[in-house]
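The two complexes that follow have chain A in common; it is paired with chain B in the first and with chain C in the second.
Right after this comes the complex of A and B.
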C-alpha cells in the first residue's frame, strides 16, 4: 500500500501539474505583494505623515474617545478595547502595522485565497487524476495489476492528499520568501485577534483573544488545508465519473466559481449554505469577518464539507470498482 | 541533487506538511469551538503600560476642536498637531477629547472622568473651544435672540468656566491652556448688531475668568470671521471651513511657539 501511494504521488508530481501551480504562484504572489505595497503607500500618503507612531497614537486616542461614549453597545466596546490593546502593542514594540512583514502578507493572502484561488489550484491538481488514465489509455495497465481496484483508488486519493499538502507548503514558502523582499521577514509574533463569534445578527466578542501570528497562520493554513481537501475530494469524484480531463476540470471550475458568485449575489437565499462551495471560506470564522449567509458557523461548515466529501468518496469508490473498462 | 534524493525530499516534505497542516486544522477547530477567556487574560500581561509622552497636546470642548466643517476632518486641532509633529518628530502626541455639541456644563461633567483627568494631568498644552453651544442654544436660537435667557446662560457659563479652570489647574499646574474666543457666525444676518454684542459680552466673560488663573491664554477669533463670514464659514453657516480652521490654527501656532521656545530654553 505504501508503495502504491508513493507511486501515485510521483505520477501526480511528474504530470507537471505541481510545476504549473508553482509557476502560477510565482507570477501571482509578486503581483499581490506589489498591490499590497501600493495600498500601504497610499494610506500613508493620505494621512500626510510618514510617522506611523503619531498616526497610531491618534487612532488609539480616537478609539478611547469612542469608548467613553455612552451610546456605544457593550459588545463593540470590548472589540474596541481589544483593538486598542493590539495597537498599543504595535506602538510599544515598535511595529509598523501598515508594513508589518511577510507573515502578515501570508495571513492576508491565505484569507483571500481560501475561497476561490486555492480551490481553483486544487481543481487543476485533482480533476484529471483518474480521467487522465482513461484519456492516456493507461487505465488498463493500472487495472490489470494484481491489486484490488479499491486499493488503487485509495492510493490515488492518498497521493492527492499529499499533493494538496505539498501545494499549501509551496504556497506558504513562496508567499513568505517573495513578499519578504519588500515587507521584511519579521512579524511572527505580532498579536492577532481571533475568537469572534456570530450569533444571528450579533457579533459576540466574549471569547475574543489574542494569539501570536505564527499560531494564527498555522490555524489558517490548517483550515485552508481542510477546505482544499474537500474541493479535492469532490474533484476526485468528478475525475472518476467523467472520463475526459476537459469535462471534469470544466465542471469543477464552474462549480467552484459559481459557489463564490452565489454567496455574493444571493446572500439571503438561506438554503445556499448546504452547498459545499459556499462553505470554503473557513478562515472567515478565524478572522471574525462577517458571514454573508445566515446560520453558518465553523461546525456547520465543517459538517457540510465533510458530508459532501464523504458522499463524493463513496460515489467515487462505487463507480470505480463497478465500472467496465472498455476503452 | 540527483533525481532520487529530490523525489524523496518532495515526498517527505509532503508528508511533513500534511502532519503540520493537520495539527493546524485541529488547533483551529479547538480554538474556535472551545473558546476560553483565560487566553485573553494571559495576553493582557504582555501588554506594557503606555509610556509617558514628551509633549502631549490635548483638545477639549465642542465641534470646533473636533473639526466639524473641515473637508479633511482635521480642524484647527489636526492642523496644529501636524505642525507640532513636523517640528518635533516622534516627540509629540495629541489627544482630541472634544465632543460635538458639547456645552460648558457637559464639559465640566466630562473632566470628571478618570481617563480625561489622567490625560489633562499629563498634558503640556491644552486647547479648548467651549461656549458656542451655550450661547446660541441658551439664547433662544438664531431667529429670536432672547436677551434675558442669554444673560442667564452666560452666568452659568461663567461658573462652569471657573470650575473647569480650577479643575485643570488642580490636575496640572504647568500646562499652558488656550481658550478660543467666540465669533459671530450670524454677522451677515439681520440681527447682526445684537448678536455681535452678545458674542462680545461672552468673550469678555472669557477674558475675565481666564485672568484669574495662570498660563491661560484667550485667543480671539471674532475678527477672523467678522468681515467676510461667508468666506471662512462652512455651508452650515456655523462651523468654520477649511480656510477658517487654517486661520484659527495659525493664531494658535503663533502663541504656541512662545511656550515651546520657553520650554526648550528652560531645559538647557
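Right after this comes the complex of A and C.
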C-alpha cells in the first residue's frame, strides 16, 4: 500500500500541478498583501490618523449612515447592524482587529480564501486524478496489475489528502513569508475574539472569548483543511465518474462558483444550507461573521460536509471497482 | 491430446452484451504454452472487447477465462499476475521518463528488482534513452517501452493488441523477430490481435478468425493456407479444357482469364491428376502455376460468406 500511495503522490508532484498552484499563490499573495496595505494606508489618509480606534470609530459611523438608507435590503441591514455590534465590542474591549503583522494577514487571507479560492485550487488538484488516467489511456496499464481496484483508488485518495495538506502548508508558509516583508513577522500572540454565535438575527456574545492569534490560526487552518478535503473528495468522485479531465474540472469549478454565488443571491432560500458548497466558509463561524442563510452553524456545516464527502467516496469506490473500462 | 498444464489461456463460452448489442458471442479457444496465437478480424469485430475481457478491464456477461489455471473473475490477482499486456496503444505517462514509468509499474508487483528493470530495458534495446521523458519518444520507442513494462513481471502470457500499429516496415520486422524470440527461447505464449492478415500469417502458429463477435474458424496457419490453393492453367484449346475442368468435382472455382489462361481453386495434390486428364483429352498444357493462397484470400472468402448467411 505504501508503494501505491508513493506512486500516486509521485505522479501528482511530477504532473506539475503542485508547481502551478505554488506559482498561483506566488502571484496572488503579493497582490493581496499590497491590496491590504493600500486599504490600511487609504483609511489612514482619509482619517488623517494612524490610530486604529479612530478608524474603527469611523467605520462604525459609516455603516450607521448606510443603515439609514432606505434602499438597502433587510438582509444587508441586518448584516451591517451585526458588524457594527462586533466592532463596538472590539472597541469596548480595546482590541485592534486588524493589528498588522504577517500572522494577521494569514488569518485574513485564509478567511477570505476558504469559501472560493482554496476550493478552486483543490479542484485543480483533484478533478483530474482519475480522469487523467482515462484520457491518457494509462488506466489500462494501472488496472491490469495484480492489485485490486479498490486499493488503487484508495492510494489515489491518500495521495490527494497528502496533496491538499501540502497545498495548505505552502499557502501558510508563502502567506507568512511574503506578507511579512511589508507587515513584519510579529503578531503571533495578538488576542483575537472568537466564540460568536448567531441566533436568528442576534449576535450572541455570551461565549465570546479571547485566544492568542496562533491558536486562532491553527483552528482556522484546521477548518480550511476540513473544507478543502470535502471539496477534494467530491471532486475525486467527479473525476471517477466523468472520464474526461475537462468535464470533471469544469463541472467542479461550476459547482464551487455556483455555491458561493447562491449564498449571495438567495440567502432566503433555506434549503440551500444542505448543499456542500454553501457550507465551505467554516471560518466565518470562528470570526463571528454574519451568516446569511438561516439555520447554519459550525456543527451543522461540518455535518453537511461530512455526509457529502462520505456519499461521494462511496459512489467513487462503487463506480471505480465495478465499471468496465472501455476508453 | 493436449495436457491441461500446457494450456496457458483457456477461454470458454465468452460473451459480452452491452445494452442490447451482443458484441462478443460465445467465444471459445485455448492458447498453449510457447505458442503465438493470432486473433484476426476486421475492425469492429469484437477483438478489442475480447482482449479487454482477457485482462479484466471489462466484465464478461457470460463465460469464463482461465489464465495459468486461475479463474480471472474469481482469482483476479493470481490470474493477472501471469499476464503482460498492451491494450491498444502503448500509453505510458508522458511526463515521466522511461525508467520512472517502469519503476512505477514495478512498484505495483511484489519483488521486482532494479536489475530486472535493467534486464527488460536491455531486452527491448532502450538502454540509451531510458532516462529521457517518454514525451520525447518516437512511436516505435513507446511500443518497445510498452513491451518492456509488459515483460516486467515475467509473464507466461503476453497479450498484444494490434502491436504493429504505427510502426514502419523495419520496426514491424524487428517486432516480429522479437516476439518469435520470446516464444521460442523463453516459452512465453503470445496472444496477438490484428486486422492485418499477412502479418498474422508471418508471425503466428495458430489463428482464430473473429467476425461479428463470433469465431468462424480456429486452426493452424499452415492448415488454413493449404486447404485450397489457386492454380493457373495455360491450355490449348481453352474451351474444351474448361469443359473438362467443370467435370472434376474437386475443383471449386473456374475463372477464365484470357484466351489461353484459366484460374482454378483446387487442392494442390490434385494438380497431376488434372494434368493427366488434359493429356488424355489431347489438350495441350503449356503451363501450370500454383499460387500459395494467402490468409487474406481465405479471410475475405470467409467473412463475405458469413455476411450472406
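Convention: the second predicted complex is superposed on the first by the 277 of 327 C-alpha atoms of A that agree within 3 Å, B and C clash if a C-alpha of one lies under 4 Å from a C-alpha of the other, contacts with A are read in each partner's own complex, and residues count from 1 in each chain.
Convention: a residue touches a chain if its C-beta (ideal position, glycine included) is under 8 Å from a C-beta of that chain, and two chains touch if they have at least 3 such contacts.
Because the structure is predicted, anything quoted here is derived from the model rather than measured.
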**OP:** Mind telling me which of the two, chain B or chain C, contacts the most residues of chain A?
**Re:** B
Original post:
Counting only touches as set out at the top, which of chain B and chain C does A:16 meet: first, second, both, neither?
Top reply: second
Original post:
Is A:324 touching the first partner chain B, the second partner chain C, both, or neither of them?
Top reply: second
Original post:
Touching A:194, do we find chain B (first), chain C (second), both, or neither?
Top reply: first
Original post:
Touching A:6, do we find chain B (first), chain C (second), both, or neither?
Top reply: both
Original post:
Just chain B (first), just chain C (second), both, or neither: which does A:143 touch?
Top reply: second
Subject >> Intersection of chain A interface sets (partners chain B, chain C) >> reply: 6, 10
Subject >> Complex contact set, residues of chain A against chain C >> reply: 3-4, 6-7, 10-11, 14-16, 136-138, 140-148, 322, 324-326
Subject >> Contact set on chain B toward chain A in their complex >> reply: 7, 10-11, 13-15, 17-18, 20-29, 31-33, 35-37, 39-40, 43-44, 46-48, 50-51, 81-82, 85-86, 89-90, 92-97, 99, 113, 115-116
Subject >> chain B contact footprint on chain A (complex, rising order) >> reply: 6, 9-10, 13, 48-49, 51, 53-54, 57-58, 61-62, 64-65, 68, 82, 85, 88-89, 91-92, 161-163, 165-166, 168-169, 191, 194-195, 197, 206-211, 215, 218-223, 225-226, 282, 285-286, 298-299, 302
Subject >> chain C residues within the chain A interface of the complex >> reply: 52, 55-59, 76-78, 80-81, 83, 85, 87-89, 91-96, 100, 104-105, 107-110, 149, 153
